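Here the structure comes first, spelled out in C-alpha cells, and everything after it is commentary.
Order of writing sets the chain letters: A, B and C. Residues in each chain are counted from 1.
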Amino acid sequence: MIPGIIDWLTDPANWSGPDGVPAHLFEHIWYCALALLVAAAVAIPVGLAIGHTGRGRFLAVNLAGAARAIPSLGLLFVLVLWLFPKLTGDSAFLVPTLIVLVVLAIPPIMAGAYAGVEGVDPAARDAALGMGMTGGQVLRKVEVPCALPLIFSGLRSATLQVVGTATIAAVVGTGGLGRFLIDGQKVQDFPQMASGALLVALLALGLDLLLALVQRGVVSPGLTGRTVRRGNTPVDVEIDPAGRTVDAPAR
Amino acid sequence: MTWFIDHLDDVQARTLQHVYLAGLPLVLGLLIALPLGWLARRYKPLYAPFTAGFGLLYTIPSLALFVLLPGLLGTKILDPVNVVVGMTLYTVALLVRTVADGLGAVPEDVQQAATAMGYTRVKRFFAIELPLAVPVISAGLRVAAVSNVSIVSVAAVLGIPQLGLFFTDGFARAFYDPLVVGIIACVVLALFFDAVIVLATRALTPWLRATGARS
Amino acid sequence: MKLSRITLTIATAAALMTTAACGNSGGDPLSTKSSSSGGSAAGGVTVGSADFPESALLAEIYAGALEAKGVKVTKKLNIGAREVYIPALQDGSIDLIPEYTGVLAQYFDKNAKATDADGVYTELKAAVPATLTVLDKSAAEDKDALVMKKSKADELGVKSIADLQGKSKDLVVGGPPEWKTRLTGIPGFKKIYGLEFKQFRPLDAGGPLTLQALKSGQIDAGDLFTTDPSIAANDLVALEDPKNMYAAQNVVPLITKSKSNPTIEGALNAVSAKLDTATLAALVKEVVADKKDADVVAKEFLSKNNLG
C-alpha cells in the first residue's frame, strides 16, 4: 500500500490539469474557507452576545447540540433533492455541500465564543466597568481579547471537521480532494484513494498550524494562567459552568 | 408518518445496530484514550505529538477508512469489526486531547494537598486527578458520541445495516420519508447518548452539585 | 471533599455499564434480519445486494425463489459498492448477488471488449475468478443510456448519440466518475462517435444525482439505466446507441461455486427465465415510483410466476 501511495503522489500526471492535486486542493480549501467564513460570521456574533448577556444560552446550546447531531450524509441528500431544482449551474452542486459544512462548523465556533466570554475573569470585567466602560466597550476591549484563545479553539476544531467532511462534496458531483477518494474507489485504484485521504489529513494539519500561528500573533501574551486553560484547545467542549468550579473555586 | 409506522421494524432494528456501532467504540475509545491522555499529561514532550497526532486521525475521511480498513486489518470485509475499529479510532482522536487537558485542569494546590496527605502517585491519579477531570472528559465524550452517530451512517458503504441505509434508499428513490425518518432517528439517538453521558457524569461528580447548592 | 472514595474503577465501570447496557438492550444487534428461521449461513445461502433499488429487488426475488425450494436464506442487502461486495463474496461473507454482465466483465477484466449480449456473457464467464461462477443470464437488461430531456433532444433534433455530432461541444454531460477514464464513458464517446463535450460532471451510475441534475438542467445529457421508470416519468428520452458503445447488461446471478448446487441453480435459472426487460422495468417502477417495499414486490412477482 505504501509504495503505491508514493508512486501515486510522485507521478507528475497526478499533479497537473483540472484533475490534478493542485486543482482539487485549491477547490477543497475554497469550499472549506467559504463554509468557515459563513459559519464564523453567524456563530461568533451570536456566541459573543450569549456570553456577554447570558441570555439565550439555553436555546443556543440546545440548537447547536441538535445541529451537531444531524448526520451530514442525510442532510446532504435532503438538500440535493430539495435544492437541485431551484439552483442553476455550479451553484446547484456547491450550495448543498456548503450548507452541510456550515451546519457542521457553527456549533463548535459558537461554543468557543460563548465559553470564552463566559470564562472571562469577573474581576477583569468589574474593573473595566469600574473604569467607566460601556457594555460594548467591555465586550470589545476586555471580553473578546480574553476570549480569543477559546474562540480560536472553536475555530480550529471546526476547521478539522470541515476539512474532513468536505470530501463528501465529491459524492454529489463537486470537486475537492474527495474526488480522489470517490474516483479511486470506482476504478479500484486504492493508492489513489489512500493518497487522497493522506492529502486531506495533511491539509487539516497545515491549516491547524496556520491557525495556531495566527492565534499566537493575535492573542495577548498577557493572557496566561487562570483565564486561559492550559493546552489551548479543549476541543469544542461545551464547558459546563458547574465544571468550571474545578479550577475556579472562587466563583 | 404512515411510512414510519409501516417500517417500525426496520427503524428499530437499524437503530439498535446504530447504537451498537456508535456506542461500543465510544467505550473502547475512552478506555484507550485514558492512558494515552495520561501519558501526554505526565510527560510534557509527549503532549504536542500525542494530541496533534491522534487528533489527525479524525481527519481521515470515513469513506476511505471504511473501504481501506478491511485490507489493513485482514478482517472479513462485511465484518462489523471494521466499523467498530474505525469508529474507535475517531473516538480516540477526539478524546486524547480532552483527557490530557482534563487531567491538566486539576489545580496545583489540590495535587499538593493530596501529596501532603500521603497519597502515592497512583492513588492520587485514581482518587483525585481522574475524578476531577470527569467533567472535561465527559464534555469531550459528548462531542465524540454525537460525531460517532453521524459518521456511522457512512458505513452503508460496507453493507452494515444501520440508519444510514435510510439515506441511500431515500435518495435513490427521491423519497423524503425514509430520509427524514433516518435523520430524526439519528438526532434522537445522539441526544439519547448525550443524556446518558450527562447522567453518568452527574452520578460520578456528586461534589459539583454539593458546591452548587451551597453557593 | 469525599473524592478519595471515588476511584477510577467505579468511574469507568459505571460508564461502561451504562453504555454497554444500551448497546445490548436489543439482544444481538448484529444479527441481520433474516427471512428464514435458522438464519445461519452455515447450511444455507447468504444473499447480498448493491445499494440501489433494482439490486435489492432482484436479491429479494432470488431469496424468495430459493426459500420456496427449501434453501435456508440469510440476507445482507444494500452493500454500498462493488469494491466491497465482490471481496465479500470472495471471503465468504455473502454467497450470491444479482449482477449485470457488462459491468461485471469490466470489473474482472479491464480490457473486456464485447458489447453484444452473448459476447459479453462469454467474456464474463472467462473472466470470473475460479471460486465464483455466473448462472444463466436473463433476458432482462438494464443498460446504460445517454439520456436527455425530451424538449432538449427535440430542439437539437437528436435521436441517437451519433446525431450529437457537431452539437456536443456545447453540452455538459454527467455520468459515474469512472466515465472519466473508461471506454464506456468520455474516451468512448470520442473514439467511437468522435464526440467531445463541453464539460464532464462526475455524478453517479444512473443514480438519483444524475436524474436530479438532468431534470433541473445542471447537465444536458446524463447516464441513466434503461429500466429506470424516471425516464418516462420525467419526459426524458434515451438516445439510441447505433454503434453499440454500451456493453450488454443482462441480469445474472453471481454465486460462490462451493455454495452452488443443482437445487439452487435450478431455482435461480427459473427466475432468470421469467425475467425480461419489460417485466423488470415494471417491477422497478413499483419500488421507485410507487414507493413499495422491495420484498413485497418480489413476493408478488414470485407468486404470479409460481416460483415462490
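In this text, a contact is a pair of C-beta atoms (placed from the backbone, for glycine too) under 8 Å apart; a residue touches a chain by one contact, two chains touch by 3 or more.
Everything numeric here is computed off the predicted structure, so don't read it as measured data.
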If a chain touches subunit B and subunit C alike, it appears here: A
Selected interface, A-C versus A-B, where C-beta contact pairs are more numerous: A-B
Longest centre-to-centre distance from subunit A, chain (CA-based): C
Gap in Å, rounded to a whole number, between the CA centres of subunit C and subunit B: 34
Rounded Å distance, subunit A centre to subunit B centre (Cα mean): 19
Length of the line joining the C-alpha centres of subunit A and subunit C, rounded to whole Å: 37
Multi-partner residues of subunit C (at least 2 other chains): 81, 83, 208, 212
Of all residues in subunit B, the ones touching two or more other chains: 67, 132, 168, 171, 174
Subunit A: positions in contact with at least two other chains: 80-81, 182, 185
Contacting residues of subunit A [partner subunit C, same complex]: 19, 80-81, 84-89, 92-93, 170, 172-173, 179, 182-183, 185-188
Residue ranges of subunit B touching subunit A (in the complex, touch as defined): 47, 51-52, 55-56, 58-61, 63-65, 67-68, 71-72, 94, 97-98, 100-102, 104-107, 132, 135-136, 139-140, 142-143, 146-147, 149-150, 153-154, 163-164, 166-168, 170-171, 174, 176, 179-180, 182-183, 186-187, 189-191, 194, 208-209, 211-212, 215
Residues on subunit A engaged by subunit B in the complex (per definition of touch): 1, 65-66, 68-75, 77-78, 80-81, 160-161, 163-164, 167-168, 171, 178, 181-182, 185, 190, 193-194, 196-197, 200-201, 204-205, 208, 229-231, 233-240, 242-243, 245-247, 249, 251
Complex interface listing, subunit B residues touching subunit C: 3, 7, 9-10, 12-13, 16-17, 19-20, 23-24, 26-27, 30-31, 34, 67, 70, 76-80, 125-128, 130-132, 134, 156-159, 161, 165, 168-169, 171-175, 177, 192-193, 196, 199-200, 203-204, 206-207
In the complex with subunit B, residue positions of subunit C that touch it: 1-12, 14-16, 18-20, 22-26, 29-30, 32-33, 48, 51-53, 76-81, 83-85, 87-88, 91-94, 207-208, 211-212, 230, 287-288, 291, 293
